[in-house]
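Note that chain A is present in both complexes that follow, paired respectively with chain B and with chain C.
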Partner chain A sequence: MKPVWILARREMAATFDSPIAYIAGAVFLIATGLLFFFGLGGTDDFFAAREATVRPLFEYAPWVLAVILPAVTMRLLAEEKRQGTLELLVTLPVTDTQIVLGKLLGAMGFLVVALAMTLVLPALVMSIGHPDVGAILGGYVGLLLIGTTFLALGVMASTWTQNQIVAFIVGMMLCMFFWTATDALLRLVLDQPPPALALLSFQSQFADFARGVVDLRNVLYFLSVTAIAVLASTYSLRSRHWQ
Partner chain B sequence: MAETTKKSNGRIDALVMLGAAVGVAVLVNALAVNTAVRLDLTEQQVHTLSEASVTAAKALDDVTVTVYISKKLPDVIPTPQGKMPLKGIDRAFRDKLAEYARAAGGKLKLVFAEDGNPGVGTIEEQGEAAKLDAFSSTEAQVQGSTLKFQKYVLGATFHYKTVSEVLPKALSPGFYEFEMTQILLRLKEKYEQSQLMKEPLAQGKAVFDGVKTCNEAVQKAAKVEEKKEEDSGLSLKGGNDPNQKRLNAMQAAAADLDKACAPVAGLVSGDGAKLKGKNPFGDHLVDNAAEFDKAWQELKQATSGQAPAQGQLPPALMVQQLALLLDQLFHEVDRAHQTLADSPGRKSIGFLCGHDEFCPFAETSQLVDPSVASMLGQNNPMMKQIVQAATQISQAIDETNAKIGDNLFTKRGYSIRRIGPDEAIPNDVAALIVYAPRKPLGEYTRYQLDQTLLAGKPVVVLAQSWQVALLNMQAPEDLGNEMRMDWSGMFATASNLEDVLKAYGVVLSKDPILDSKHVETVRVTGMVNKGGLQFQTQQDFPYAMIPVASDFDRAYALTRSITSLSLPYTTSVEPSKELAANKAFEVSRVIRSSASSLKKSGPVPVLPQTLKKLVLDTPANGPHTLALAVQGPFKSAFAGKEIPRRPEGDSKDPQKAAQKPSDAEYELAKRTFKSEGKGKLLVIASNLGIEGLSRSDVLAGFDLSKFQQFSPESIKAFTQWQANFQNWQIRIGQVSHLLNENLQFLSNILDWASAHEALVAIRSKGDARRPMDDLEPEKQKTLRLEALVGSPLLLILLGLVRWRMRLARNRSLKV
Partner chain C sequence: MTSAAMIQVRDLVKTYGDKKALNGVSFDARAGEILGLLGPNGAGKSTTMKILTTFLSATSGTVTVDGIDAAANPLAVRAMLGYLPESTPLYSDMVVYDYLLWCGEMRGLARSDVIKRMAEVARVVGLESVIGQVIGTLSKGYKQRVGLAQAMLHNPKILILDEPTSGLDPNQIIEIRNLIRALGQNHTLILSSHNLTEVRQICDRVVIIHQGAVVADGTLDELEGRVASRHHLIVGIQTTATHDNDALKHMLAETPGAKSVAFSHSSQAPVPAAFFEVEADTDIRTALFERIRAAGLTLLELRRKSLDLEGIFQSLTQNA
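The block that comes next holds the complex of A and B.
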């Protein structure tokens, strides 16, 4: 695991050395904040609802993460491929899986920092009421899991191309697909999707976290998708040997 | 070649590995679907079964739950409050049921209704047959040439031995636990009590079955001709008139109908007569069955072919109408039978009425005897119209109260009883609610309350010392002018609860409790003039006279799990020094206001801005007790005094007139008088925003003798009655947005009073609203700006610092 940590630390340092982390971070915080206070249509008013809750954060943050996280992951492998530094990387005593995991963990550093910065919202709510702290904790666990899955999908998209923009668009489409479209698509294909298939939707899986419940089924689901994305990224990297 | 094969093998290996990984992931997730490993992080363990629910699930052997879930539920459904999201609700329902099944350790079995089983219909049809409430979505579907709304069901029926209960519509996941535990507790009670009521239940069932058989035969005969017409399109005997065809068909089936319906009369006079007088629900069933039989006899006569008497409808039309009437009467019988079957073990809660309090019943007597009203018009038609309009207002009041009682209590499974001011409290009343009387309680009522308390039955008193009206309507001074609606104020009620409660060591204050910080809003209705037209507007203002309490006695079941409660126009309540010092009593300050609250002698200015200024200028002296519970050996307030006699009562009510107070009754009361006894008293110094609507308040000063001749005063009085009714609506409207939450609390009070304390805490879990403090708009802006700009700015600053450090490091490396 040591090479993974070394790679992760290097990746995290690289992320925070580039302005993109700060721009993406600031956009994430502003967008989340605006949605938190004014809702999707800009017509809601958090204070008018007069309820000490952080639910709007968990309602809207996944939308923003689905757009922002692919922007962070787009350069991870696409840029290495474009600059040819990937060849240098693979000469080091690390496996392809370790490279992918290192990149993913490095990007998770950004996710953790971004989520930590949103703690200002629960702090604000706690200063003016008594929100359910347990439910907030559950929501953050959910955001961390869904964010990690988005990152894994973003890394996977980044292994498929040398172009960062293409990686970003494909990554974002994948995240958005899982977040919003699975449910709708299932209903389009099957008139009555079986309950097991309906569970493919990220929104269904995330709902429990937002209520303050950490359910093993939901955790397993996000970890499964992440693991498959990591595996697909690994084989995508390995595919250079077959071309 | 070898290179190509190697590449190809690599691709195949990757695909196989990836496929295998997906397969393993699917398998692991599929296996996990039925596991229940989860962590409920919420403070009140909102999503985990409480101990009381687990005990209730384990207490019954062999419960079968038939679950009805529509295959494809809509994402949202329309409700009067707006759209209700249903996404994932079926899963939440299944999970909760599965949790109960696990908790019961095999004693509770789940059976899921399936579509397409021969003879049982769709899940929706099965659900409706099992008395579930079907609901529809916003999307209509084209079926043939008509647009129809698809029906859905989500609910369950619980069966235990010979009894069953229905969860008709499971659309509130927050209350699943409450609803299911309530059903399990009820099943146990119902079964135990039904064993003691076997005979009346069997008699009731016999009557119901007889009526059902008759109605089915009648409806089948009445329908068959229409069907034939649709199928063949031929003109049958009787031409094209469907009513004539129906009459012909019923005449043809007369023998069968008679065979099916003849037993009804016998059942009503046989089993029905035995049932009568044993149980009020049984009486209701027999009365309805007798009405049904009467209608059947008329139908029989109409189909016999006899010429109609003068003034009667033609037989064909009459048969059609009577067939419809029979079906309606059957549904009444069905409902009455259902109520009888549900009655075992149901505890009655008495609501005191007759003092302008919240009394969820229709009045027992009519405002004006119809025969007297018809005579009025002989002298003056205008006066007759006014009396008719007053009667309509009175009917509207009755309907509103009855509907409130039905929707809030009866439909939720509570059995409530009206206790009039001149009535003795029946023995089967398990608890008494005195809900915010605005008139003084008479001596006899006080005596009844006293003896109920000393008998160990819970007594709940809600007090309303003030009526607060931000907008009032009043009749004009001069006839012909428009109604005035330009003034506001607060008025002390004439309640004597202060005096009543003093006898039990409870000191109820009349001073309003105000708060500067922890408050809810009041909804102010106003009129604006736009382009010469008057428009009604509504606006919410934070209101110092609606304090939000969040300081509760957690040891008390009633307030164990609630997080906040708004108490409109509350005063305070404290134990007397003697009561507080008496160790034999358990005294609990159940609800307290915040430290920022203050007690101020009333009346105070009621307009939100003026009141706010007053509150900000007055130092806080909170917290104050807003609800007090006392349990212990109370002494009678009538010890050593003459026991009051029961008053004569309302002579207009024939039932009351027949039950005149007698000396024997008084003698019995003296012999059974309790001078002390252990009791439970709960006093809440607010009406929770639910203000009573009463005839005597709205139609204040109504006197039929004044309507013999025309007088301007009568017309003015009539305008004032209309204004009074509207004023009640306005006052309810002021706090309408708080009522939902407060009604939940009221339900908790009823559960507490009917000794279902476990349910109280469970219900509150689903109702965990957490209000925020009242903030000035400026403060809101500042907080919003800090949150929106603060963290991004901090992140960018960190980036700049890191960039500067890197620059400095690079420079030092160059050097």
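The block that comes next holds the complex of A and C.
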């Protein structure tokens, strides 16, 4: 697994060398900050609610992550393909899976930094009240998991094209689809979707985390989707052999 | 099929959709030799190399590297290879030092070993002065050296270089060629080129690929012998103000063994001279010299017109 880490380190450095990371980071912090304090109007308003809770952060952050994380992953393989460096990368004595995992781990560096910067919000709430610390931890575990899943979907989109913009748009659509559409689509097709199917939606899987509950089933769900995206990315890299 | 064959390529076929890029390519590269893959653009040289380096899989056929099947055990084969793909793709945002360090570590070398080895490689390829620069800011020649440096960093048994001098200026070409020749002393080296002079200067043996098939395989002497049975000479004779080119031509044609003589051109500097092309079945250089001296003339130049690779190449690829 050493090559995974060496590759991830390079990707982290490359991510923070590019303006994309700072733009995406700024958008994330500003958007989640605004949504946290002012919500979408009405009862969401932090100041009007007068409640010491960080929960709005966990409700809104996935929306923003679904948009900005594909911007971080769009470069990862599309650029290697466009520049031709993929040929050198995949002829190093490493497996395609190690390459995909290294890219994903590198992008997680950005996710961790971005989430760490939002810690100022729970710190603020704790300074003025007594929020449930367990719930905050649970929420962050959830954000880390759903963020990683979004990154894996973004990496997968990046293996499909050599155009970063295409990778971004496809990645964002995938993230948005899994985050929002599965519930809505199910409701569109079925009046009362069976609970088993509803479980496939990111939102229903994430809901417990937002409440501060870390359920092993939810954890396994996001890890499984990540694993499937990693496998699909590996398969996509390998497809060069039979094209 | 000698036991010293480091790389055995057998019956490679590669199809892209309907298009057959390779149609049964077979050749060997012996340990320690510099093998040139020669062919026109689009002949299948790069595809062959991409399969050798396990970047692509062949539709059928096998590649064996040091006894290991490349398709069955690609990682073991990759570990033995250094590869410089066509047009030298590099991470342009990285500093040369960081890039080479990264390449070495990705190949499983310890950091301290990479640093030691990097100093050596940087000296060999002449990268010392730019080791702290961002790759994107380097000239094409220096980028090529970075590409060579990453290929040889782990001291691989085999180097595979795809068009290593394309896009370089004449001075850079000479430097890179010298470098490749030096590398060939301790590595098995396969390079592709469509430049015949280059192959003549560097390679021990040549495999000519045309339309996805091997049309010739041998040393340059062998290939030249196949195509060129005649001796073709260029003769330059010093001329006077009153000379007659036809008379000179006639005189040369009387040399025993000369089959045909043709006037080529005349020149004035540094001394007035007339040049002729003489064809013969045997080596008549001594006879020509004696003949010219006997006529009281001054021989300025006598050389074999290499029925050069251009000629070999054309006759092989056009008939194929």
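The rule is simple: the second predicted complex is superposed on the first by the 237 of 243 C-alpha atoms of A that agree within 3 Å, B and C clash if a C-alpha of one lies under 4 Å from a C-alpha of the other, contacts with A are read in each partner's own complex, and residues count from 1 in each chain.
Quick note on the criterion: a residue touches a chain if its C-beta (ideal position, glycine included) is under 8 Å from a C-beta of that chain, and two chains touch if they have at least 3 such contacts.
Being a predicted model, the structure only gives us computed values, none of them experimental.
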| item | value |
| --- | --- |
| Touching partner for A:Ala14 - first (chain B), second (chain C), both, neither | second |
| Which superposed partner A:Glu87 touches (first chain B, second chain C, both, neither) | second |
| In the superposition, chain B vs chain C on chain A residues touched | B |
| Contacts of A:Ile6 with chain B and chain C, given as first, second, both or neither | second |
| Doubly contacted residues of chain A, that is, touched by chain B and again by chain C | 17, 241-243 |
| Chain A to chain B touching residues, read off their complex | 16-17, 19, 21-22, 25-26, 29-30, 33-34, 36-37, 46-47, 50-53, 113, 117-118, 120-121, 124-125, 127-135, 137-138, 191-192, 195-196, 199, 203-204, 207-208, 211-217, 220-221, 224-225, 227-228, 231-232, 235, 238-239, 241-243 |
| Touch list for chain B against partner chain A, complex | 6-8, 10-11, 14, 17-18, 21-22, 25, 28-30, 32-33, 35, 37-44, 46-47, 71-72, 87-88, 90-91, 94, 520-521, 550, 563, 768-773, 775, 780, 783-784, 786-788, 790-792, 794-796, 798-799, 802, 806 |
| Parts of chain A lying in touch with chain C, wherever the complex brings them together | 2-3, 6-7, 10, 14, 17-18, 83-88, 90-95, 240-243 |
| Complex contact set, residues of chain C against chain A | 16, 50, 53-57, 75-76, 78-79, 81, 83, 85, 87, 89-94, 102-103, 105-108, 150 |
